[in-house]
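Two complexes follow with chain A in common, the first pairing it with chain B and the second with chain C.
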Partner chain A sequence: MPDTILVIVEQQQGKLNRVSWETIAAAQAIARDTGWAVEAAVVGNNIAAVAAEVSAKKLAKVYVLDALQLERYTPDAFAAALKQLIATKQPKLVLLPHTYQVRDFAPKLATQLGRCVISDCTGYRHDAGKLLFTRQMFQGKFSADVGFGSDAPWIATFQNGAFRGDKAEAGAAPTPVETFSVTLDPARNQPEDWFKEAKQAVDLTQAEIIVSVGRGIKEQKNIDLAQQLAAALGGELAASRPICDNGWLPMDRQIGSSGQTVSPKLYLALGISGAIQHIVGMKGARAVVAINKDSEAPIFEIADVAVVGNLFDIVPPLIEEIKKAKARS
Partner chain B sequence: MLTFRKSFDIADRPKMEADVIIVGGGPAGMACALRLSQLIDEHNAIHPGTPLSKENIYVLEKAREAGQHCLSGAILDPRAMRELLPGFETEAPIEATVRKEAVHFLTETRHFRLPITPPPLQDHGNYVISINRFVKWMEEKVEAAGITVFTGFAGSELLYNENKVTGVRTDDKGVDKKNEKKSNFEPGYDIHAKVVILAEGTRGSLTKELIAKLDLARDANPQTYGVGVKELWELPAGRIEPGEVILTLGYPLTSKEYGGAGIYGGQNNIVSLAFVTGLDYQDPRLDPQRVLQEFKRHPFIAKLLAGGSMIRYGAKSLPYGGWWALPALAGDGFMITGDSAGFVNSARLKGIHLAMKSGMIAAQTAFEAWLNNDSSLKTLGLYPKRVDQSWIREELWKVRNFHQGFEKGLYAGLFHTALQQVTFGRGLHARYPSHAGHENLRPLARLPVDGGPDEHLLGDAKGDGKLTFDKLTDLYHSGTKHEEDQPAHLVIHDTNLCNTRCVKEFGNPCTHFCPANVYEMVKDTGAPAGTVSPKGISLNAANCVHCKTCDIMDPYQIITWVPPEGGGGPNYDGM
Partner chain C sequence: MKILVCMKQVPQKDAPLKLNESGQWIREDVSYEVNEPDAYALEEALRQKEKHGGEVVAITSGPARAQQVLREALAKGADRAIHLEDDAFVGLDALNTARAIAAAIQDERFDLIFTGLQSDDYGFAQTGVILAELLGWPHATIIMHLEKSDTGIRVKRELEAGFFQYVNMPLPAVLTIQSGINKLRYATLIGIKQAKNKPLRKVALAEIQSTLTPNLQKIERLYVPQKTKKTETLEGSPSDVAKKLVDRLRNELRVL
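Presenting the complex of A and B:
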């Protein structure tokens, strides 16, 4: 039996993660230098289609680890299943793409095998019979070549983009697919529903109307008042830095030199003094309406409409008037 | 509400081995690296069979780019540079050669030019430089020589083996406001080095910790400091010539405060305007940024600046204490150089050349320690001995009692200075004592409510937007930027003291002396809604320009400045 490289392919809900092609390309490149054989493994439930897709590449074998407990990812089940495969097949080298999922289970898998992982590699070197992996240090200023000091199986992960997926060589004939059955204990982890990344909550740069609050709003509960005004106007809510620093609004609603730069048609500044750090973020607004108690506030220098007064006296009737006006039109 | 930066306990940090590590890439650190490189080149030329490698010599610099965090007047006495790189003038970025100089004494409305420029203040033949550009140029030299500068990496802790310094830990990256690891968390590196050279600048955070741990300042006078607040102006052509130097004493300071201004003409009508205020003033409401604004309102200065525009702002502290305030400069595994040690000639208002020279001497010593494989005090102790035999001592010894003479105010200072001039620096005492400047702060109860003669120096500058500026507007022109989602790096050890005791006794001087509006007393946002709550200390840590004034001047000494995530800080250019 020649030495083998085992690539762990990543799939989610029956869909192959394209970064897996990069890992296969990496394995094929190492194989050309070392003469080792390349095999792949697919882990999940009902994954025949993924296995077939992978088998089109030039590989010695594709293992399918198919079990109900593997339908949804848990670190326990994935590590246990792969441990059985690796312990049985004794590959020389196990390669994985450096995905979030791999970052989660690879340390556990390696520990169970009594091995370590060389993670997030950007390449490899085959030097005088020794296989070395390249990792970045000091934010890419240095590269270090790292080798394994232990016996095989060796485990390494490659950074996204380290190899080109379209360089993964196709095979002349489909690769034989072999089912590898695993026995799994009941998982200790209970997967939740698939996490969907919260859609970018707000893109203030596209907003035509922005109601922005500053320190003059005084208390967190008063944010609601500004929210009502924004809703009445059909605009977005934003803030100056102290408000976001306090955690009263999320940081993606911060306007200014350390936040977003906006140029809406209307910018309503409530209780914002108008330090230059804020002004640079909103001076592109077509019209600026500022409400502030302090008639000396610098915001008034760039305001088209300056309202000197207590925003708590002014905003509630303003909301009512806007609602009335909208109802009429 | 406030969460402060603290070190993580991580068992297996990434490790690196180094032969020499230099913490801080300013004039001292860069001169040190360049000298070290020269010594290695010389060695390798003589011993081609056993060459030494520069690969494991590193400079750590917290700024994103070398030079960004440096701030000075700046006038360069070229003595050290001429030793380091003879003929450097042909390629280094030099604004102008000093050709014209004057010293003025300002009263509230008038100015008197001193008939002669006192010898220590004579700058003929020195160079006006931008320290940012000069250091950036030095860094290019260092990298070209084959020594690596890690920009964006701060030295956050020293590594010890008992009392021997064995290395430096770099800053942890990717830590959020609550001191939790973010998804991009990267632990700092443990860089183990045969020799650690501290070149952090004034009040270096590692140097401070080391001096305290090993009691290195036990035989020294307490270090005293000033803070330089600086604006760069673009003036109408012909107002101030390149190479023209104007120094002022007096207004807006009264005879109680120490300090003065320097105006230096550079190329393209760019003029540097800096006011240094001694951090030993009495009134806790004094605001050094306000002092600079008041200075500009003096008719003599306002006339100079009329029609010009302010283009950059910055602030940095500097050590004044001189020879008697130097700590022990070396110990097992380490040497202290430049402003971190306190190599400043306060009579000449100069330290860049001394910083460079100290770095060069440290390089010589580090090189020998490396060759002999001995970095104990036995070998590194040669560094202070060599400083003692060098022109550093010659220069500082003459002015060893200079700044202490001013502890009792301007007039006493001028008396002592005159006396020291004719006694080769001795004056009335062989060694004038000094006191830490923060001890001078007086409780509000002992001061006139309106500030008395200091009234015009107290409180926030309003700014007219043309000649004078409020602090936030000035700050904007420093280009300061930090990762916002990180814990506060101004570690206040007892915020309760700020909110209960300091507010009554001193009125929170941090809210005044900080030139970047980092410290604010705001209504306590943690209090339940609707309750009337007292104000509490709040930090705008992302404003910090890394000047260290808070660490120095806080009356209770409960603020520790530690490096924020590397890469953050001011972006000084042309300053």
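Presenting the complex of A and C:
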């Protein structure tokens, strides 16, 4: 038996979470370097269709963990089911997408296995037979190469967007699908249905120009300055999480992992440091302009145009110049 | 309700960080502050106590400097504090940190343990979930609301893409609290004064060391991220910069 990489894909109500393809692509890349085989597992209830969809990819096997107690996610049932699969199949490496659901159960699963999770990775290195995982630390100011200090199974989660889902290689023939039976006790948590809060007033995903404010805006009354810039550009106003946490802008204008994911033509970041949770929501922008007084702010890593300086000095003349330029055209 | 709040001291948000000689950690001579998500966890604990009575206990692990986090918690209204005090706590992975906390509270009987969503330094987002597993308690993460129910508690979890979900769960339980769940209070002068007389128990590394193992994950190298994008930096006076930026917006990015 060759060593294997087990990818735990994520589905909700029979629909595959697209970020699962990224994790499969990551596993296939690691497999090319290591020679290991890639297997996948689907967890839920009545998930044959999802399993069939996953089996179209180039994999050695797809396991189906199908049980009534897995219909609605609970950490107890998911950890118990996957612990049984991992203990039986003994994969070398277990990979999961870094979703909210995975964050909820993966550390529990790892603890039950006497292992740890290297979480929220953006890539990996395979140097001299050693596998290292790259993750951001200190809010993106540093990257770290992290290795496992225990025997396999090793468990890691990949950040949304770390790999390209469309790079997940299709198989020549459908992958064999195998049912894996699990025994589950009743879960302690009793989850209710998913719901959305009152309709989202703004759909930032359609905006072509977004002016986004972060902590650098300092005070609520300064939001008006950003609003004027957005108006001059004909764009929408958005913000990083702390601004919405403070109530300075409504939550539906928040960009990032807990807010909206946008890909405008222009993303103008004002006083945003660029923590990972924010970056995942806007790195699809075609152009990023960042204004920040801290020259080491991580937002500059992904900026096309950088202005290191005080936004309160730069934005007022910028608004004037934009108005002049628009008047000329 | 008796609530434990796990809090951490992290480098200040805008503190300039430098690598140390080993290249595996930062130089520690920077300014520190309370990990912001933990401030929301503390606030929620204080609000629950105001509603239902009980006790709020703050715990941290870290060097002597980390005591400041506990002092702030006591000043805001926590009843007492526990400090796992040693420089070595900074280097523990999430599993060992959870073990240390579990060992430090083994003689206590809490109904709830709160942690922040994640820390601004490591960003594991794991310690609370692991702690629950070590204690044999249920947990729920990314909590935006919490109320008592007949059988335990009912919590509102934040999910992705704007969804939420209520979960009913028994006590005792561990919750990781989402930032923005409440509005933070400031410590009052009288609170700061009273904090000086509140109990603060210190736990030495030696007392809990037998529960720890070598870290299961190890930072081999810490470094400034490689740039993936070519960035043009605009310089000059504010009005020069404004002119240059408008030129780029118009002629290169073509959005004007």
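What to note about this one:
In this text, the second predicted complex is superposed on the first by the 197 of 329 C-alpha atoms of A that agree within 3 Å, B and C clash if a C-alpha of one lies under 4 Å from a C-alpha of the other, contacts with A are read in each partner's own complex, and residues count from 1 in each chain.
Everything below uses one rule, namely that a contact is a pair of C-beta atoms (placed from the backbone, for glycine too) under 8 Å apart; a residue touches a chain by one contact, two chains touch by 3 or more.
Because the structure is a prediction, the values reported are computed rather than measured.
After overlaying the two complexes on the shared chain, residue contacts for A:147 are found with chain C alone; chain B is out of touch. Once the two complexes are overlaid on the shared chain, A:307 sits against chain C while remaining clear of chain B. When the shared chain is aligned, chain C comes close enough to touch A:208, but chain B does not. Touch criterion met: A:139 reaches chain B and chain C at once. In the superposition on chain A, A:276 makes contact with both chain B and chain C. Contacts of A:221 after superposition on the shared chain: chain B is touched, whereas chain C is not.
Of the two partners chain B and chain C, more chain A residues are in touch with C. By the document's definition of touching, of the two partners only chain C reaches A:321; chain B does not.
137-139, 141-142, 215, 241-242, 245, 251, 257-258, 276 are the residues of chain A that lie in the contact sets of both chain B and chain C, per the superposition on chain A. Those residues of chain A whose C-beta lies close enough to touch chain C in the complex are 75-76, 99-101, 103-108, 110-112, 115-120, 132, 135-150, 188-197, 200, 208-209, 215, 233, 241-242, 244-245, 247, 251, 257-258, 265-266, 273, 276, 286-289, 294, 296, 298, 300-309, 313-314, 316-318, 320-322, 324-326, 329.
By the touch criterion given at the top, residues 14, 16, 148, 150, 152-153, 189, 470, 472-473, 475-476, 481, 484-485, 522-523, 525, 529-530, 540, 542 of chain B touch chain A in their complex.
Per the touch definition, chain C reaches chain A in the complex via residues 11, 13-14, 16-17, 19, 26, 36, 93-95, 120-126, 129-130, 132-134, 138-142, 158-160, 162-170, 178-180, 183, 214-235, 238-239, 241-243, 245-246, 248-250, 253-256.
Residue ranges on chain A touching chain B, taken from their complex, read 137-139, 141-142, 215, 218-221, 241-242, 245-246, 251, 257-258, 275-277, 280.
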